[in-house]
Amino acid sequence: MDLKDLYQEIILDHGKNPRNLGKFENFNKDAKGHNPLCGDKVHVYLKVDENKKISDIKFEGHGCAISMASASIMTELMKDKDQKEVNELIEDFLKMIKDNPELKSNLISDDDKTKLMSLSGVKKYPMRVKCATLPWHTLISAMTNKPGEVNTEKED
Amino acid sequence: MNIKDIKKEFPIFDNKVHNNDLVYLDSANSSQKPKVVVDRIYDFYTKEFSNVGRSVHYLAVAATNLYENTRVLVQKYINAKDPNEIVFTKGATEAINLVANTFGQKYLKEGDEILITELEHHSNYVPWHYLRKSKGVKINFADVDENGDISIESIEKKITPKTKILAITHLSNVTGAILPIKEIIQLAHSKNIPVLVDGCQGAPHLKLDMQDLDCDFYAISCHKMYGPTGLGVLYAKKKWLEELPPYQGGGGMIGEVKKEGITFGDLPNKYEAGTMATAQVIAFGESINFINKLGIEKIEEHERELTKYGEEVLRKNNSVKLIGNPKNKGSVLSFTLDGVHPHDIATILDEDGVAIRAGHHCCQILHEKLGLAATARASLGVYNTKEDLDQLNNSINKCIKIFNS
Amino acid sequence: MNIKDIKKEFPIFDNKVHNNDLVYLDSANSSQKPKVVVDRIYDFYTKEFSNVGRSVHYLAVAATNLYENTRVLVQKYINAKDPNEIVFTKGATEAINLVANTFGQKYLKEGDEILITELEHHSNYVPWHYLRKSKGVKINFADVDENGDISIESIEKKITPKTKILAITHLSNVTGAILPIKEIIQLAHSKNIPVLVDGCQGAPHLKLDMQDLDCDFYAISCHKMYGPTGLGVLYAKKKWLEELPPYQGGGGMIGEVKKEGITFGDLPNKYEAGTMATAQVIAFGESINFINKLGIEKIEEHERELTKYGEEVLRKNNSVKLIGNPKNKGSVLSFTLDGVHPHDIATILDEDGVAIRAGHHCCQILHEKLGLAATARASLGVYNTKEDLDQLNNSINKCIKIFNS
Amino acid sequence: MDLKDLYQEIILDHGKNPRNLGKFENFNKDAKGHNPLCGDKVHVYLKVDENKKISDIKFEGHGCAISMASASIMTELMKDKDQKEVNELIEDFLKMIKDNPELKSNLISDDDKTKLMSLSGVKKYPMRVKCATLPWHTLISAMTNKPGEVNTEKED
């Protein structure tokens, strides 16, 4: 059953108990994301150090299990990655959600890949893809420090 | 036609969704269409199609008569005084924009106030918001109470000597509150304030009588009323349609057109610029006929019973929190589940063929007041049954199971 | 599909008019609909109906995909750069109103000038006229020449340093003149003037390429393009849609809505307030598919041949006076008969099943210039044949006989 | 054939050679009528004397054979009628065009009735009814001296 793919144990867990939820004092980059059609919101905070490495990352927001889990897993994976790595991971994730059957990047462990692949269940739920990608697009905004909000209606 | 097996009149229910029967509980968003309406569109395009009003040939004459016939059907359905008080628009949203724009142009100036409520759909707020910028008016919001209701007092409290128009919903698309609009209109009129009623949720579910209500404007969304998409109705008292300036400009709405200036046509043409939604208007006549055949009183009764049943079933379910407990509730059951986000509810219900809506339902102000980012909403139409509501409850239990396992 | 027997694809031609075959020569007013388009509407309403974009349930997802699919089909058909440059409206008239209103709001001030032509349909004049009153702008008219044509020079002559926008038809719905719009756009752009093209008669008959034309706005009327009524398309360069303020306000086009203020959504939502004409948009996709299957080049060729034939036949008829003899003529044959008023012509032709239009065709300025109160107009679609034009001529002769006996 | 009913000899004659076409110096009432959808125009001039009798009546305008013939015949019949008679004739004519099979008034001769009945062919042509009635509505305006135009879109 597809629902089981969508709401895997790991998603339910991260959805209910999102990691890295909150804000921290000395962030130096941030961005807000918003899906106006459903009201999902996410605010990503980053501390990027002199080597362009994410030394800390947290998020605030509310939304469905998918978007919360996606933000939670994303923040876990991004810590200590540098700009290039971040971009590679984001691209890999977005491609996977859209077309690719698998993740290709070698930057994360097989365990982490499994974790991230748990979000692939949304592929069968086109209206829910935006829930999964909102935090990632917001991270892009934060990294490039675009002013204003990311709005998931913008892309694809 | 027996209301108990009215589903048969709606071909959509012959289809399966994820191998399940369709339990359609999203009628506040848009209703399904009876076969007679769809057939009318088909026949019009394949046997009778022509543009309206401009040509003298056979098909054009026939189409024009059919088109004007719907105007009269709508007039009678809502008991307006005159068919020329019925303006066809592309939707209720356009109807409200039309009033806000033309009323604003003609009557509003800096410092004037517009009164709406915290219950309003974005369609009954954004068009007025534009006048803040263009005219410097202020918008006041009557408070919604903890039951998701608007009382006459809450309106009275916000009326000031500067209030120039009141725009208010008939039936909330979130809490289901049926507002005491007749009394509210009387109150407003006693202070010389005209009233626009957003009737999107009123018109499909409640018996209407414009002359009795005495509202100045009433906006209707035809696709929520067993009619085609791309069509709305603005009812407006004749004096307003005569006094207000035209809205969109184009063919058919003019009198004389010269390089130096333009005179405008009479009603009903003045507000129907360009080629209208001919096929949709003609088919909407069948929607009215369909409702009339059942009898709007019967529909009201059927839906009242269903709403009550739905409330009972959901109140018995301890995980469900119903949103709004208004005095007079119509056809809308919004709810939340502890620990399950409305979007996740909608997805899980959909797997069982149960179609509901999740989100802010174009009512962000209300959701902010409720302290919720989103709610789940089951809304009813004439074709729904108690079994549909039982299925809703069963599927809700499935959500709970998935999320709490 | 062979263009010679394309009539078969249009069910309307199975019907008789006054016991005669229908000879439909009123396509400039509105075209007939191929079966595929009508079937699409039927199937959508009976098997797939749901509102677009707002719900996450099965039917809503499917409808949203179908809806957005048409946007891409239109984008490709007119070779726009981006699907978000395609805005669905209720008609070409609304499309032009949208531009006039929002462009006027943002960029025009007292003393500014708008340039249109004497050929324009009321839909491309009245919306600009409104800005005279609200903004104090001036409207200039480029002269139509004795052939019913607009030359580049006539445009150039009327451009002043105050000209802020040029709004011009692609193909005249009275004289049939196909304007050299690409050159006109180049000229206007060389003076930094954006150009709106009224493409109502262009889009159904001519191959379009927005990137090549480089116009800023292009308005399309879907019902003239083998599509449903109640639908239009506005093409606009992305930068305009981003820079201009929104038009109508309502659900779906907002970002965040608070009591103090509102932010607006991104493209394409910003200009699509309220429930859109979902079924019509989806069906219009089939109109595009239908045209693509035949090939717009084939249609152009077929219609060019027919127009030429029609001109020949009518010129040979000494009683007929053709209106307009433009360099490049498309699909429209307007004419008068000495001693027979166009309305009488239309009535008499109708008796033979020949549907034409009589009147000023929403072009009063042009008719005044021509010194005529009304003309008769035969206009062509893909389904017309040389036999249709022969029948037109025969029926014209009958008019003459009745009136001169 | 219906067309023969519509375009009777008498209509064609009055349409081609309308009687009382033009304007006269000392009119004391007038009104313009206009059908914006088709462009038909008529301007009725009256001289109404102290006894409320129409002592002179003419019209200017352009339009189809039906509207011209209708104006022509109307002006012929109205001369020397007083206000009450004018109203009776107008009402009778408009009822005949709408529903009644015949004219009922006894104010005009049988010959004149036949003339007027020649316009009854429009009954089968709903879009053309307005052509026949425009001059009559304009006459009503002129008699009651309403300012502005009569617009056939207004009625029914």
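Letters A, B, C and D name the chains as they come in the text, with residue numbers starting at 1 for each one.
Here, a residue touches a chain if its C-beta (ideal position, glycine included) is under 8 Å from a C-beta of that chain, and two chains touch if they have at least 3 such contacts.
Treat the numbers as computed from the prediction; the structure is a model and nothing was measured.
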Between the pairs A-B and A-C, the one where more C-beta pairs touch: A-B
CA centroid of chain C to CA centroid of chain D, Å: 38
Separation of chain A from chain C, taking each centre as the mean of its C-alpha atoms, in whole Å: 46
Rounded Å distance, chain A centre to chain D centre (Cα mean): 78
Contacts with 2+ other chains: residues of chain C: 54, 56, 60, 252, 254, 256, 343, 347, 358-359, 364
Interface hub residues of chain A, defined as touching at least two other chains: 37-38, 125, 128
Touching chain combinations (by label order): A-B, A-C, B-C, B-D, C-D
Chain B - residues contacting chain C, complex: 11-12, 14-15, 17-18, 22, 26, 29-30, 32-33, 35, 37-38, 41-42, 45-51, 54-60, 90-94, 96-97, 105, 121-123, 125-127, 129-130, 134, 139, 141, 221, 223, 228-231, 248-254, 256-259, 261-262, 273-280, 343, 346-347, 349-350, 353-359, 362, 364-365, 368
For the chain A and chain B complex, residues of the former touching the latter: 1-3, 6-7, 12, 15-16, 37-41, 62-66, 68, 125, 128, 131
Of all residues in chain D, those that touch chain B in their complex: 34, 36-38, 125-128, 149, 151, 153-154
Chain D-touching residues of chain B, taken from the complex the two chains share: 53-54, 56, 60-61, 64-65, 252, 254-256, 265-266, 269
Interface residues, chain C side, partner chain D - complex: 339-344, 347-348, 351, 358-360, 364, 367, 373-374, 402-403
